[in-house]
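Sharing a structure below in structure tokens format, with a few things to ask.
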Amino acid sequence: MIGRVIPHPVLSAALVLMWLCLTAFSLGHLLLGTLISLVAGWAVNYLHPPRPRFRRWSAIPQLAGIVLIDIIRSNIAVARILTLGPDHPSYHSGFIELHLRLRDPNAIAVLAIILNGTPGTAWLEYEHQDGRLLLHVLDLRSDADWQSLIRDRYETLLMEIFE
Amino acid sequence: MVAQNLLLLLVLAPFVSAALAATLPIGARNGECWLAGLTMVLALVVLGVLYPDVAEGGRVIARVDWIDSVGLELAFRIDGFSWLFMVLVAGIGFLVILYARYYMSPEDSAARLYACLLAFAGAMSGLILSGNIIMLVVFWELTSLVSFLLIGYWYHRQDARDGARMSLIVTASGGLCLLVAMILIGQIAGSYDLETVLISGPQITGHKLYPVALILFVLGAFTKSAQFPFHFWLPNAMAAPTPVSAYLHSATMVKAGVFVLLRFHPALGGTVEWFQIVTGIGLATMLLGAVIALFKHDLKGLLAYSTISHLGLITALAGIGTPLALIAAVFHIVNHAVFKASLFMAAGIIDHETGTRDMRRLSGLARVMPITATLAIIASGAMAGVPLLNGFLSKEMFFEATYVWNNGSPLDNAAPYIAVLAASFSTAYSLRFIVKVFFGPPATDLPRHPHEPPLLMRLPVAVLVAICVSIGLFPQFVLGNLLETAGLALIGPDLPHFSLKIWHGVNAPLIMSLIAMGLGIMIYCLPRRTINSGEDGTRLMRKLDIARIYERAMRVLTQRLPRAALRILSANGLQAQLRAVVLLTLAAGWFALRHLDWNVPLPEMRSRELVFALLWIVGGACAIGAAWQAKYHRFAALILMGGAGLVTCATFVWLSAPDLAVTQLLVEIATTTLLLLGLRWLPKRDEEIAGDRNLPARIRRFRDLLIALTCGAGMTAMALAVLLTTPGASVGDWFLRNAYVEGGGTNVVNVILVDFRAFDTFGEITVLAVVGLTVYALLRRFRAAPESTERPRPQLDAEEQALEAYLFVPAVLMQWMFAPIITLSAYLFFRGHDLPGGGFAAGVTLAVAILLQYVAANVRWVEARLTVLPIRWMATGLTVAAAVGAGSWLFGYPFLTAHAQYLDLPVIGKVPFSTAMLFDFGVFALVLGAIVLMLIAIAHQSLRVAPRPRRPASKEAN
Amino acid sequence: MRHLETLPPWAAILIAVFVMIGATMTLLGGLGIVRLKGYYQRLHAPTLGYSGGTGLIILASMLMFSLLEGRWIVHELMIGTFIMITSPITLLMLGRAALRRDRDAKLGHDEIVPPMLRAPVMPQPDEASATAPAPAAAPPDRPHR
Amino acid sequence: MNDALSPDHLIIAPILIPLVAGAIMLFYNDQNRQTKLMMGLAAVALTFIASLELVADVKSVTEQGGTVVGLYPLGNWPVPIGIVLVLDRLSVMMVMLTALLAGPSLIYAAAGWHGKGQHYHSMFQFLLAGVNGAFLTGDLFNLFVFFEVMLAASYGLMLHGSGPERIRAGLHYIAINLAASLLFLIGVALIYGTTGTLNMADIGRALYWLDGTDRLLFHAAAGFLGLAFLIKAAVWPLCFWLPPTYAAASPPAAAIMAIMTKVGIYVILRLSLLVLGPDAGPSAGFGAPALMIAGVLTMAFGMIGILGTPELARKGGYLAIISSGTVLAAIGFAQAGGGPMMLGGALYYMVGSTAAISAFFLIAEPVSRGDQGSDTAQTPETEPDPLSESWAPMGLDTVEDVATPASTRTVSWLTMAVCFGLVAAMLAGLPPLPGFIGKFAILRGAVEDNLSHTGALPAILWVYAAMLILSGLGALIALMRFGIRRFWAEAGPTPRILALEVVPAVILLAMIALQTLRADALLSYTRATAVALLEPATYRDAVLKNAQDVRAAPVVNLAPEQPGNEVEVDP
Amino acid sequence: MEIILALAIGVLVGSGVWLMLRPRSYQVIVGLCLLAYGVNLFIFAMGRLYIGAAPIMPKGGFVDPTAYADPLPQSLVLTAIVISFATTALFLVVMIAARGATGTDHVDGKERGRDE
Amino acid sequence: MSADILRFALAYAQIALILALALACWRMLRGPRAQDRVLGLDTMYINAMLLFLVIGMGNGNVFFFEGALVIAVLGFVTTVSAAKFLMRGEVIE
């Protein structure tokens, strides 16, 4: 019953929060926001997307912290590189191919957000069948470095959360 | 009162009978004949009853209201002159109807013939009896129209069609000239009433516009009565059945021209111009007609030219215009009508019996059809002006008029000589007619074996010939009183005494007659062999055949010239049309603003100006870039255009227009996507377009560049001119002051849209709805160009992966965005009245949310899951908007009167509620439906053109 | 701009710093997009604006309006959140599109890119080209530049 | 006519009835074409009844001495705040004419054309709503909106049935009209920028106060608006789109689109006399010479066109052009002080010629059917339907379009021939049909009001009179040539014509006949209309009677004192 | 500010007009879009230019209308945007339909100098 | 004082952002490949969004927030469509 009325509770909750952020934190808006989020949830349900299952909520803040720090660091790093100019010898960019263990589409999407949101790495191509990923990195140091970096910093946490 | 009603009956009866005749069965020849004949008899009876009223210069006037406000009243007026004319119309009409009964073959449609004949009689009666000069033109044109149908009666024949066309064009054009003339005359006289006009002679002839009016008037009269140089239509009209010719070309149609000349003589005549033009043309026509008639081999052709000649004679008399000349003219009208009608009928009998009208083949008919021959010979004698026949008398009077009257002009001096010469030719062709057809050896190669026609067919001829003879013998007794009555009507009480006598003693006219007859016999005898054996007319005549010249001129003037002119004056290409629009716009702008005082202050450059300038350096670069790239690099142009749109949007933000910014952004997104959807269906532009770099193309581009630069400069100048003026009080100020108090919202722009000017919004969403429907309807029948039908190359390439592999990650993210965009849509909707947003923005947003799902997956994937029913949404939107608008009627307020109120809800507290919000919901629903419909309709085309294999849904759903 | 005067100096300085750094980051991103040589390098440049620039300016805006209104104004967070989600989509799509186009022999190679990551089950090039329509049938494409 | 509290809701009926009918039809699948047809006919009938009632109102009001006007303040906002519908003699006449033309066109469409594409009936109703809105509105921007409604619907109707010819002509038609719409917008914007108002009557009032730059800019705006309307009215050299468009459109669509050129004329008439009329001070008569000259040139071009084009439907387009030119020139003369008689005649002529042109388009297709003598405009309908998809996505119905030709059985070739002849005579200006009466009234007015006591008539009037005659003659020659060839010369089997195709032409001819018989009433009406149009002050006073002073502050101050809410502005 | 906006309008209109006079239907549609931008800005400019004065009012009270941007041109532009969007969509569809029906993207349905 | 600082900061930010916009536009104009142009446009969108926010801060009101939000939520749709067109030859298949 609940599942039918609120097919995507997490999503709907997020939408209510979004509504309140956008308008004001008041009772009236809570009601209106709830109504709208329910309608949106039903609409989404028509698409029957892969429903995310959050297995470990506690890992989310940890991941968020890591990502935030990485983004700030990368921002500085990339800003430095950009001030250096295009032909500076101190960095070189290139493609790297990685292998992902993640299988959950939502988790992979989150990883894509993280990698693309972090300056300096660009997610180019992903082959779901065998989990291969092609990245482009602005300042390339070593392949192994990146593979382990991503696996350790993000993938593990993501697998904890989603799988 | 009785007389008035009878007068109206006189006009109305033929039309009513015509309508009846048209409804009778096609083959009902006897019925038609009875109906038509009785109508004519009725007319004659009515005329008889009316005679006492018109005798002694009296008249009867009847009026029926029609369009009094512009002076078009159906006024009818009968006096002695028109009475006499009406007798001709009805009398000869009766005989023609009788004759036609036997002449027409059973295959011909009797209904059509009699209906047209009756209608023609009605039109002619109307013309003659009109008491309003404009109504006269109306009936005048009606005679042209009906005669068109009559002449074209045997429309399967080329000559009938050509003759009908020619006569209509010539006579109707003349009628239009006559119309203008009548308007001028009426203006000068102060009334369109014939009575008034006829007594306004001095006023009219003294007016500055008199020459114009006169020329237009005679153009009308001359075209109708086939005066040179408009005479050519008449012989061509001989393609009509003979009864029609007998009617139209003896008593009615062609006489209308001379009728108006005589009728309007009091108003327009008596001037030098009148004499010079009317008599000059009349004499010329008389001579020319007679000469040509001599050379015609076709019996009806001869009679046609003879008719032209005799009409010239009457015209010349009208031009001379002395009372006796006018009497003579009337007399000759009657005489000509009588003998010419009989001759046409006789010619018809000959044609009917022998199967030919070619005089070269006809011979010795007096032996096989003696009675007809006798009748025809007498009638021809009348035509030639042989003494003791009616033609002689009026011709004498004509000679006398030309001889006696003298105003000293060269034309006047020449008139008697021309008259005699023409009369001699007249004698000659009459003689030729008699001798060639009825005497000589019996004809050998006739299509039919001739014998006398049925009695009733001969009867009309006999009656007419009897009239010829009786007038010729007892003119005063038969016609004296009637002529006097007519003369009184024409000339008024000043009518001098005259008497019609056969013998006036040996005087100039008699000598002229004798000379003419002698000369005529000589003319006939001398070249008769050449005439009889050769072609129609002399070589010069053939060269100067005005009909051919006319035909050629018509072909040039109405076909070749217009076709060429159309090519030059019109532009089929879109570019030329748009260029015309742009150039005219420039011209209009320049014309209006050429005196504008330019006083532009130098701009200050502060940081904000710097930012704005930079913004528009970007925007301008984008716009120019888009213009530069649109030909060969469509995609680039599209992206650049997006840049220009973004800068426009930023400008709205910069200049305090948040609603515009939001709407522009959303529309920008929808437009770009639409154009991207469309790009797939355009041809690949992979090589230089042929001739794109040669000189003409460069010149064209340079010219357009100049135009474009001028337009840009002009718009800059205008915008600046406005921006540098200080605004006065505007409606906008009122909105700012009152939007919240009166409209209940703080976002004034939105309050305007959904309340103050909600009707605009209502119209605007209707536009969107219609466009959505059109797009959908057009794409339902879309046919792709052959090279666009297969799937795009990236998808076909062997190296390529399936879409799902490509979009594995982005698709997930795009599906994530579905719910937030729906929420955003709701947010924009609910905010509208107070802050930027509103139904439109919400609708576009939701449409984009759906579009995104299509982009993320494919059509089948989405449509297997989601059903939007866009047209239903559109219908709902429009209906809701209309219903909300109409809701105010319940409270007695006009459509779209909004109502705003705070609802006090239990837990939540006060909630603003406004009917405008409901209206905005209508907007939302419609926009959603329309945009989804358009996007989807385009998106479906790929699928329709190149159906894809279905993939199992499970794989996609994962 | 009288509202600016009502802000306390610490806030003003903080906001100013955030805004200036954010704008500078974005400008650097812009510089990068112009100066970097290869497309895949340029792909990184706007990220600076997406992440650093947006983040800082949003923070500044939230701070400023919260202080001005005297209550928490957090709706700018939504902008940040959605930029977080949507900018990766664009980069993913653009990167992938560029890869396809760079691998497409008919469009010409601007940059050397790695070959396609191919799953083992995907059809072999030879078979595929045998089943695909003859390339000659399709008119030659020209890059949409 | 009514006091402000209970406005006459009937005024908006001619807009709302078709609009709502069109909207409700959208709820139905296009399979229910007969239902939609019935709804459409009902809507047209209701609109007609409403217009009858409105005419009666207007006449009773004006007979009591007034010249205007019913006002309908939408949203109950006073002039010039809100949009107001203005009912006067001219607008109600045009509304009635629209309803009268709509009926026959709709009946004709029922003969099969409405099945050759989707949603014909909705678009038809929307077109009527747009046209009526354009006639009734008293607000310049609202006029733009209704112009767009009308144009959008006309695009749809014009493209109805699809096919290369239609699409090609449609592309041109749309492109030209988009350019015209942009011009319209520029003009409206400039007018607002200079006068600060959008109400037509108020613009006329505000113009009085303009000086210097503002007035010049206002003139420029008038010029641009004029051009935009002249494009719609199809004046030479802006008319090249018309013949191909109308020829390519399906006959019922072309028949109703005949009213559209008249919308352009209506607006020019309305605005030029209201705003730039005799009492406009330095702006009086602005553009009048252009109108006269353009009108005369247009007539000449129309005459050339009708003679120079072989295709009958295109001839119809040129007839529309001639009709436009005739009326436009008369407007120019009226604006320049040519007197009300001419204008009254021109209005009468406009009514008659529009009906005749509408009938012409309905006749042109059946009589050209199977005609070997000229290029047929019709696309072959026997091509296989391109739709191969058979599933119904998104609820979009997939009713297959009717593929059979429009006609299946013969009723009467002869009736068509008679109709053709009458329409041709009417358009050629032959008596006693309204074409003649109208031209006569124009000529009479031209002579009566403009003949100086010395007997001089301005040269341009002579040229106009000559063109009036010659254009009719040109039409006569061209149509006669066609008629003779088609009905007389060509033997052989006659095309099959449905009763539903004959009836509309007969109805329109009956209208023309009625207009002939009751010419006096109609001419008096149009004459009085012309007199009213030439007294713009009366119209202005009536519209601005209860006008709101835009400087007024709100009556009540509801301000809850909230210091933080006040918006501060850096000038 | 005024002169910059006026120039911007000029550039947009100039580019638009140039494209409108070109022979390819795609050029025309891009031109019409650019023209629409220019005309919208022009309408907007008729209310004169205001910075930082969006026509969003405090709730109630007497306000000084000269301190706010004129809302009416803005609402006119909104309507104009919507209508030009609709007509652009329509033109686009007719354009691709014309290309399908005539085989060319020339606005006249045939290449220059080539008769039907 | 704080007003001066902020005014300077906001002016600087506006100029910096508009320069960034111009640079992105340069890439869009210059190309060389279609993907470069799309990237340029996308960058322009984000820069414009930040500009809206900064302008809003300068004005002290939140009226331009919706504009920025719309770019944040929907601005990517144009880019995605364009990229898909480049990738697949059509936007919706």
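We just call them A, B, C, D, E and F in the order they show up, numbering each chain from 1.
Rule of thumb we're sticking to: contacts are C-beta pairs under 8 Å (C-beta built on N, C-alpha and C of every residue); 3 or more make two chains touch, one makes a residue touch a chain.
To keep track of the chains, here are their UniProt names: A = Multisubunit potassium/proton antiporter PhaE subunit; C = Multisubunit potassium/proton antiporter PhaG subunit; D = Multisubunit potassium/proton antiporter PhaD subunit; E = Multisubunit potassium/proton antiporter PhaC subunit; F = Multisubunit potassium/proton antiporter PhaF subunit.
From a predicted model like this one, the values you see are computed outputs, not experimental measurements.
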Chain centroid nearest the full-protein CA centroid: D
Chain separated most widely from chain F, comparing mean CA positions: B
Label of the chain whose CA centroid is most distant from the centroid of chain A: B
Averaged-CA centre spacing for the pair chain B and chain A, given as whole angstrom: 74
Centre-to-centre distance between chain D and chain B (centres being mean Cα positions), rounded to whole Å: 18
Chain C-chain E separation of Cα centroids, rounded to whole Å: 29
Centre-of-Cα separation between chain D and chain C, whole angstrom: 53
Per-residue multi-chain contacts in chain D, two or more chains: 141, 145, 148, 152, 155, 159, 162-163, 167, 171-172, 175, 179, 186, 190, 192-193, 198, 553-554, 557-558, 567-568, 570
Contacts with two or more other chains, residues of chain E listed in rising order: 20, 28, 42, 45-47, 51-54, 56-60, 62, 68, 72-73, 79, 83, 86-87, 90, 94-95, 97, 101, 107-108
Contacts with 2+ other chains: residues of chain A: 18, 22, 112-113, 123, 126-128
Of all residues in chain B, those that touch chain A in their complex: 805, 808-809, 812-813, 815-816, 818-820, 822-823, 826-827, 830, 853, 862, 865-866, 905, 907-909, 911, 957-958
Sites on chain C touched by chain B in the complex: 82, 85-86, 88-89, 92-93, 96, 100, 103-104, 106, 116, 119, 122-123, 125, 128-129, 131-133, 138-142, 144-145
Residues on chain F engaged by chain B in the complex (per definition of touch): 11, 14-15, 18-19, 21-22, 25, 28-29, 31, 34, 37-38, 40-41, 44-45, 48, 51-52, 55, 62-64, 66-67, 69-71, 73-75, 77-78, 80-82, 84-93
Touching residues (chain side chain F, partner chain E) in the complex: 58-61, 63
Chain E to chain D touching residues, read off their complex: 20, 25, 28, 32, 35-36, 39, 42-43, 45-47, 51-53, 56-62, 67-68, 72-73, 76, 79-80, 83, 86-87, 90-91, 94-95, 97-98, 101-102, 107-109
